[in-house]
């Protein structure tokens, strides 16, 4: 071969350089699972503003943290919660109630339908879920219409400008894989986001694997064509199926700080941002701030 | 709200409820599930999972279950099969796997691959026609003042499901309101207005079981330890009363044995420090207070 | 367990009893691969009429044979061909040119979009492929419309009344699996048909496997909830990936007979129907008519 | 139509063409493919596969290929990876697998997971603006008289692809017509009328290579063994002529070596008794005669 195949790896800082204020940013993560937290923290370090997040379909700490740090103008998600720790994600709650953050009110299906419209290059798709609810009242982009004697929502297309994912592994050429040992993370919303995306799909991964492994097991490739950034523990304090479980102690501490926002005390939240994002000037610094012992305790042993 | 009965083991834990009450609620739901149905529920609905597995064991061997957390004779629909500190391997014990956007299949209940027939819904508010609200609460100015978590999967799946079962451990005037502030899943009158078939069939709480008559909630039975008056007082709208309102039958021997057998399978310990008001198994007390959401 | 789990197996005759004249019938098969031929032959034996076939997306001998036997009023397929043997399927060509059979002119994507609309319970979906072509002129159900300044086709929903598939294997409870040794047949249009279906999904299979095997490898389950009919060699003269290759000699002989139709000589075609369908009064009879030696020569050895 | 050159081995067989002509056409296509593109083609397009793999070897290591038959650094998009009497196992040598309805992804050429940038299209008819027809031919009454196979995947993928390459071994006035009877994939003027971007860039036949100027087909080079006059006469509309019309460069040493190396991989033997007029690699002679379709 006269030319080498292009290496599609990139570092976290360069990945986030591609984001600008006001962009629509797709984020992986289903609740605690696979949020691209290393990217999120770098977005906060850069002080980006007015982002529209397409999170989820059910968003978690990645969305709450970006909101709490002031980066977000609008959230497209069917729910934002910290599971049993906070049924309503606290920074999301605080800023949505203040009106700082606009919520594109939807449910999981409508979230998918909007992205399918984006992927299919059509201005809208019809959908029956949501008629007779408050969604069209709260989300003026969802119009309730009559077609062929039935009532439907016109769900407009959503097309992220850029998508960030976190996954177990990828090869250097942009083939992203789930962890072989686990179903999870294999069929989240990543494909829906990537297919609708107008621009780069950037995936942080726990480890980079050889292309030979991808070819040997093509059925485990989730998506292709991504840019790949190595970020071990990159979903922390979320989890990665087959690799490590969510760090509930960390999330609980975060939630306590965020809950203080509603009492008018933003000190704990600011201290959280300082300790884990601003003072830890990069992902390695973050991992040092969390501590090796804590991280190791989260690791899932191979079956 | 504890009820006096032997403590069955092996039932999912519901935050704030004793095991006996939880077991009773699980049995009530299980009895409602019919053979051949497909039942679906959300991430943390451990009690619903117990109920579905119990029904499978006792009278509904062809029940199919869609559950994010664990699935038996069902599927892991994409994401959710993990919990807390345990990496769940339930996908190795199911019959099929589908991507998370299989939820769009809810739109065709006629297909043999349909997403579900029965869907469980909880809410910050539930009203007399069975509408639910996970969106938020209105302030004095009529605008959203208390932000809820969002509708999650409830809206569309609840729109298409033939049978919606409302599940609310908490039974209080604040939870059961005349009219929800915002609608996540429409109840009977709202459904009729837009031509939706199906709707809420049952509402199960820690105090009682309700069904619907002409689109309005009706008290069907009261759990031992509660009274009709107590249930009526705990409901924020005039509850219709069935002609005969028995005590909810306690778990039978067969039910208790089956529940004990299920205890052999993985059970999920809730995180004791926290609650989840957004799912059907929640016991969050006050959606406007600080004691949830953190 | 006090009650047994329901066995969802059925025989071929009972399966085809569920079809009535005029129904919209979905058929699996991508060219030579996985056509439900045992079902097709039974439909012909029953003399069903005026069927609308939703074949394909790229249809082959299953569609050509049903057309040649006079069962079909309308075909929804992006193409009907016998690969290199007949670039235009001969009975399809003959009857379409005579006007006996109406063609719902589309392409593969539009075929999928119509079924997605069916599955999603909406009257139509918008799609951009096909604007500026003859499709809306030839298929009056495809309306070219202007939306948000762009031109799109309104593709109406298609919902089969019943769907017939052929696959490698299934368990008795309706879980249909691809052959573990082959990718093929794993991701055809079967799911699209089953998801849009208004009624039963009936799958003939080479062999019925134990439920334990399905549970041990859930990632190989193509679809669930099907009724299952055992029909070894049920795709013949088509092939089943990992099991047997198409019987090109048989298809070639069939194509020669069908090509005679255009010359006004329907004798060879009638003789084909007699020999392989009417005299062979059931699937076993068909296999005897083909011959054991011929069948064995098609078998793929496990790698 | 044979051209005088050493016979390279390892090139896909095209029915009715000698190996040297096929190899030349393969090289012409390969030279047009740019690094980083995603190329897609149909079931039997063996020549296109050879071209794409050749380009990957020589100058486009990041080319991604979507092919139903075999795929290298690409995918098997669902169905098609078998051929004739051989069960193809190419899915074991690819990097990803997708269900067949991944073709719907053609609608978003901006996504990194896009279906393709370059798409190959054949036709029963091709006209001067590059429209193609797989639907059928009109009779004297203006209605469809000769049924074609149908548009297969060409319409939508051809609509969204930035670059459409027309591939037609047959070069005759019957194939190259002033205006196609029916349109499967629109050419330049029809695309402009409905606001489609991209369109036909190149047309490769067994006689010549054409490109487009202002939306009209133009002769770019003539294969050794043919002449400009012969090509013009074989085209059923006035062909624009480039200022300089060279002989199509024969395969270079590097190209021939790479083609020979590809011969080590599985090659597909066409079924000699039959033809396939519906794909780009067809040599069907007369779509109105009885010599194809059986």
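Letters are used for the chains, namely A, B, C and D, taken in the order the chains are written, and counting of residues starts over at 1 for each.
One rule holds for everything that comes next: a contact is a pair of C-beta atoms (placed from the backbone, for glycine too) under 8 Å apart; a residue touches a chain by one contact, two chains touch by 3 or more.
Owing to the predicted nature of the structure, the values given are computational and were not obtained by experimental measurement.
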For chain A and chain D, chains touching each: C
From the C-alpha centre of chain A to that of chain B, how far is it in Å? 28
Just curious, how far off is chain C from chain B if you go by their C-alpha centres, in Å? 41
Two or more other chains are touched by the chain D residues 91-92, 97, 104, 107, 160
Contacts with 2+ other chains: residues of chain A: 113, 120-122, 127-128, 150, 183, 191, 219
Work through the pairs of chains, note which ones touch, and then classify the graph as line, ring, star, complete or other. other
Per the touch criterion, the pairs are A-B, A-C, A-D, B-C, C-D
Chain B to chain C touching residues, read off their complex: 35-36, 57-62, 64, 75, 91-97, 104-105, 107-108, 110-114, 160
So in the complex, the part of chain B that touches chain A is made up of which residues? 15, 43-44, 76, 78-82, 84-89, 91-92, 97-101, 103-104, 106-107, 133-135, 144-157, 159-160, 182-186, 190-191, 193-196, 270-271, 273-279, 282, 284, 290, 292-294
Residue ranges of chain C in contact with chain A within the complex: 113, 120-128, 147-148, 150, 152, 183, 219
Note which residues of chain A are touching chain D in the complex, please. 1-6, 118-122, 159, 171, 173-175, 191, 194-201, 211, 214-216, 218-219, 221, 223-227
Contacts from chain A onto chain B in the complex sit at residues 30-33, 57-58, 77-81, 83-90, 92-93, 96-97, 103, 105-110, 112-113, 127-135, 137-138, 150-151, 182-189, 191-192, 239, 241-242, 245-246, 248, 252, 255-256, 258-259, 262-263, 300, 303
